[in-house]
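Presented sequentially are two complexes of subunit A, the first with subunit B as partner and the second with subunit C.
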Partner chain A sequence: MSEAEVKTNTPSAPAAAVAAPKKDPHAEAKKQRVVTPEYMFLEAPRTKEFITGSEAAKEAIRRSNVDLAIAYPITPQSETMQLVGVLYGEGYVKEYYRGEEEVGVMAAIAGGSRSGVRCYPATAGPGTLRGLEGIASWPGHRLPAVAMFTCRVVNAPLAIQPDNIEVSYLLNCGMIVFHAENQQDMFDFTMAGFTISEKNDVTLPVGVCCDGFFVTHARGYVRMQDRGIKLPPREAYRGAVPVLDAENPPARLSRDAPVQKSNFMAYNIHAVWQQEVWAAVERSRKYINQYMGGLLTAENVDGAEAVIIASGSAAAQSREAVRICAEKGIKVGLIKVRSLRPFPTKELRELCKNTKLIVVPEFNYVGWLAKEVATAIYGYSNAKIIGGPRVYGGQSMPVELIVDEVESGLTGKKSTNVAMSSIMGGAVNQDEVSHFMRSI
Partner chain B sequence: MAKRFNIRMAGVGGQGVVTGSHILSTAVINAGGESTIVPFYGSEKRMAPVESYVRVSDEPIYEIGEITFPHIIIIFHPQVITHGKSYTMPFYFGLKEDGVALINNDGPMNLHKDQARELEERRAKLYYFPATKISLEVAGMDLATNMALMGCIGAITGLTNMAGLEQAVKDRFLGKGFVVSGGTAALDSVVERKFKKKQELIDKNVAVMRAGWNYAVEHGWAAPDVKRVEAPAAAAAASA
Partner chain C sequence: MATTEDKRERIIVPGPAGFHPPSAAQLGVSLPDPGEGLFYGLLEKNEDKVIEEMARKMLTSPNATLFPGPMVLWAWNEHAIEKAKATLEIAAQIPNVMIIPMPDYRPKYPKIDPEEVINPNHPNLTIWGNKIEACIFIGVHCHYANLTLKMIRAGTNCCTMAICAEQGHEDAMLTIRDSDVLKLKKTAQIFKKVREEMGIKLPENGDNVRFTGTQSKVHGGKTHTNPLTFMPSVAGTGSASAFGHSAEQMKREG
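Showing the complex of A and B:
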């Protein structure tokens, strides 16, 4: 940590800029210089700063040449979009307003993206589900945008604390979905998201998820490029579908939607659209590799006795579990999944081909990541997969629970924290599983 | 191997549990270590339960959230144990084997026999430490109870030093900018008076902290290589 630390967000700076009557509040934004994504992500020098996840998202938006940001408050995302509002005041974002509620916000984002501008909304938990009707329609209409989801509890009993079950709803929309572990990921994934989202052979929305308060409200070191540079603007005519021509009415609002037809042509059109959406998700892999350095990161997997596979905050907890296991003399590898859609299927098959034990800790009840992992490596690995431990409703995951699963998985001792039904692969005793299923 | 302590502090509103955790955390960072804190409380009122979780290490800390299985617990007020004024019951829940329980009380407490047995089973080290008494003796007030405890825990973990702790108290009460301007002659008399008062407050807090530190050393609780500290004579003369 010998790098110099800088402060770009001194509390007095933005206020002073607005208060001084003669100074143009947009002066600094106007001086921003456009650089190529390649320079921005791979070459530009960076300095580190100790900031919250919300501030990291703000700094990413500052450098992303965003045209339209629409806010609607919901904890724990409210502060993020408030900070984006500060950027609007400073001239870094061209348009910004507060929507009526999430249905309206997501619909307006669709309109903005369709008209060819770069869009950014953010929401959380119940807001995500309220906006999901619109969000689920974006990929089919091939609307590039980056949306931030600061996950929180959505199921009853309701809470404002982190729980990432809402990610499971986003996984099947056809959008690209990233899961940020920390403040640095929030910054990097958001910026890379815009670039990947607008590639001609992708033309899809990107969702950047993180686990609520743990990332948005806590501080961490974020290495950032100079605030004087920004990504190139969106060039909508390069997209896979034509943009809405608002100057020559009647404007065509939707791509040939055959909603009122029920015939083989309609089914055929639907199939073609959906095939094309998911093919575009596949085509985004090369850009994720290029700009983000891969769909996953793997540490010490070769020769490890067990491998922990995790995303988001569970990856942070797993780093500590790996350390504690090392102190106990157990060699454990860590795979952090960054991109959930597309899912790193090929990478996992290769990495896990000789693995004996996989532990998948999660911050939700249903264990969506464990199911994804099991599906991906089915037939390619004989590993026993422990789908747990899991915490939910906002609880922090004690690192010790992850260590327990590694130890019980290696010794064959029955786990007290993970249900038999969540243990997959390997030499699982099917009688025990059915006994468990009958008893619950 | 990393030196790592996950510390759960439990006390009651008004005792400075959160302030104490901030100061310990800053002190460890000041001494070149790493630290994070997570405060946890309900309505902010006197005598209501407060918990704060502090992680200190000499390596990067990735873990987030509450601490369920601490290496060290600090009990700021005996009522946490006797009246159950805590989010965590019993007070030692989750304490790791060979862990430390630092309890602010003038002498050993009569714990329920089941609790005493459980603590013994996990080989807990029970350190009864008269923090409030020390605060009253050294500073003439009970408000520096948290400082005594932080001095004591600083010596037990060995991850900070008195200079780091003293700087953390200054950071907390003066703000980093204020210390710099405090030295200039251009300050008006109001600020000077305020500064003088604050300086006195800081000196007293630091003296209590030092007493806590030395108490830990004298009772053999401190980490290896941690020595007694004396009042820095030059600094004391300069502030007089």
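Showing the complex of A and C:
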């Protein structure tokens, strides 16, 4: 078909031509039907499509009854929020605009959530860190929202490549943090995030992280519910805090007054306030189990010679490593951590109690997941923990690297890819550790 | 009278628990499912047993006090008014009980009057100031109730109870959830039953709520009052609706 054939409104079209009836761009959105979260997540039929992670996020937002989405461009999330903008045009999102920068975006999200509407921003890498002051204030103000973080390099020199070190900055904000492995996770975690975030006993923001490009720009199969259904709207009056300042009009911009008077009372209130935020993180566990099927997934762990524990894209690479190990006759299990906050401590202690070797591959230098795992199972497992392999700065992770660590871990052969200081656990050769400590 | 025979060690008990004790959630206490309650940090399948223990504590502890929060203090809508009346029905079963409101959540500086209000930023001052050894929170937004309960458990010997419209409160020694008007009325009836079983009588004139010193001053030196004589004012109803809180917006359970 030539270009001319698809034009329907050329400048030379006769003025007398009958104009086609104007189609309501919001028509499909208006037809959407509200269903319960239980139906949406557990019962609704799904069909499979081959789409990118950004498109998966878009489709999740389409079904999430979002009131306010605020965009600010930064690679690799720019496309995601551009697609959410399309949803605004179609009437699926009630309000949408471009912020001035991430500080402003995160502050505006705070205002939107505080006023009682369902909010969605996304950012990445340096944008996450620029917006972090606002993001870190959300949990304390008990502001439900879902934010997407498409992780990339944050350190100088400037790069836009995949690296998930920014997750480590989010772990201690008091928010709930999920790590998506693939496009399906992006879709599921985002939608479940809204429901969990707004539970009265949770009332916290949810961060849905993924490894940029690997997930956002690559395609994968995503099983999705019909686009004609959506989650119920936010019931702000059922939150753990009042909407704005209902009791003291005119509404103040900050609902919670500063408590920094210099006396014991002031310190005490802030201390219990922090306790309460983290208690709310704890309370989210049952909803993650209910709507997402658990904080982790475990494959072939029983009787495995070694277990790989991974999150995000590293889980995908690890799955292939497990397959290669099986071909070599090595039985290896895989634990994929889906929720980083709350962390599946109890589950890992149970799953790893008899494990001899744990390998934790990661897409960052610092090894935040290995540290989390070691802390969680300390005293509950004698496993040797290899905190690696690690790739960063945009490197991909060859599956063979993971396989090498499994093999060297089981045979005692020295690894060429993992530093001695990143090997932890009860089965570590203490002489080697001592030698390492003397040499630094 | 039904009593619990649970032999498990109680987790959340009257304090002082310490300078800065872990929260109940950190101690592994989780919230009850519908129909259940928390009994000193332990899940109790029958919420009526929790309510009976609430009654016993309120009827036998020095200076027992009800702390109503904004959701039953302000006449947001007809439902809030009904809940406020039901709350007063509970008060009407407790001889000499005090009622001290938590009208808002702002810190009170430079100094709180503990006989006037309780505040989530320094609730222990009101507990200490009135030597309160048992109290019930009702109608307080969950976040602020949780702050309050943590501080009271840390620094006082008060037995805290929470009647919650949502999922309950781990940091309260006793808590029930999903408390709509019907459940509040049921609570009042259980309080009545326990009181009668304990042989505790109400004053014949119905004046069973004891004023704090500050409250007494504004009531011309009167020391007690009948809680069932209070009715919501037109001004109260108007003030809530004037700020955009329509019945539909504020409609809660039931």
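Everything that follows uses one rule, which is that the second predicted complex is superposed on the first by the 401 of 440 C-alpha atoms of A that agree within 3 Å, B and C clash if a C-alpha of one lies under 4 Å from a C-alpha of the other, contacts with A are read in each partner's own complex, and residues count from 1 in each chain.
Keep this in mind: contacts are C-beta pairs under 8 Å (C-beta built on N, C-alpha and C of every residue); 3 or more make two chains touch, one makes a residue touch a chain.
None of these values were measured; they are calculated from a predicted model.
Novice: Thinking of the overlay built on chain A, is A:Lys286 touched by subunit B (first), by subunit C (second), by both, or by neither?
Specialist: second
Novice: Applying the touch criterion given at the start, work out whether A:Arg238 contacts subunit B, subunit C, both or neither, answering first, second, both or neither.
Specialist: second
Novice: Would you check which partner chain A:Gln317 touches, where first means subunit B only, second means subunit C only, and both and neither mean what they say?
Specialist: Once the two structures are laid over each other on A, A:Gln317 reaches subunit B alone.
Novice: Considering only the touch criterion stated at the top, classify A:Ala218 as touching first (subunit B), second (subunit C), both, or neither.
Specialist: It touches subunit B, and subunit C stays clear.
Novice: Would you sort A:Gly228 into first (subunit B), second (subunit C), both or neither based on which partner it touches?
Specialist: In the superposition, A:Gly228 contacts neither subunit B nor subunit C.
Novice: Check the residue A:Thr203 against both partner chains and state whether it touches subunit B (first), subunit C (second), both, or neither.
Specialist: second
Novice: With both complexes overlaid on chain A, does A:Asn268 touch subunit B (first), subunit C (second), both or neither?
Specialist: After superposition on chain A, A:Asn268 lies in contact with subunit C alone.
Novice: Of the two partners subunit B and subunit C, which one touches more residues belonging to subunit A?
Specialist: Answer, by number of touched residues of subunit A: C.
Novice: When the two structures are overlaid on chain A, which partner does A:Glu400 contact: first (subunit B), second (subunit C), both, or neither?
Specialist: The answer is first: A:Glu400 touches subunit B but not subunit C.
Novice: Which residues of subunit C touch subunit A once you look at their complex with the stated criterion?
Specialist: Its residues touching subunit A are 20, 22-26, 30-31, 70, 74, 103-107, 109, 120-122, 125, 141-144, 146-147, 150-151, 154-155, 166-167, 170, 243, 245, 249-252.
Novice: Within their complex, state which residues of subunit B touch subunit A.
Specialist: 1-2, 36, 61-69, 94
Novice: Flag every residue of subunit A that touches subunit C in the complex, lowest number first.
Specialist: Against subunit C, subunit A makes touches at 142, 200-201, 203, 237-242, 246-249, 256-257, 259, 261, 265-266, 268-269, 271-273, 275-276, 278-279, 282-283, 286.
Novice: Going by the contact rule set out above, which residues of subunit A touch subunit B in the complex?
Specialist: Residue positions touching the partner: 182, 214, 218, 313, 316-317, 319-320, 323, 327, 395-400.
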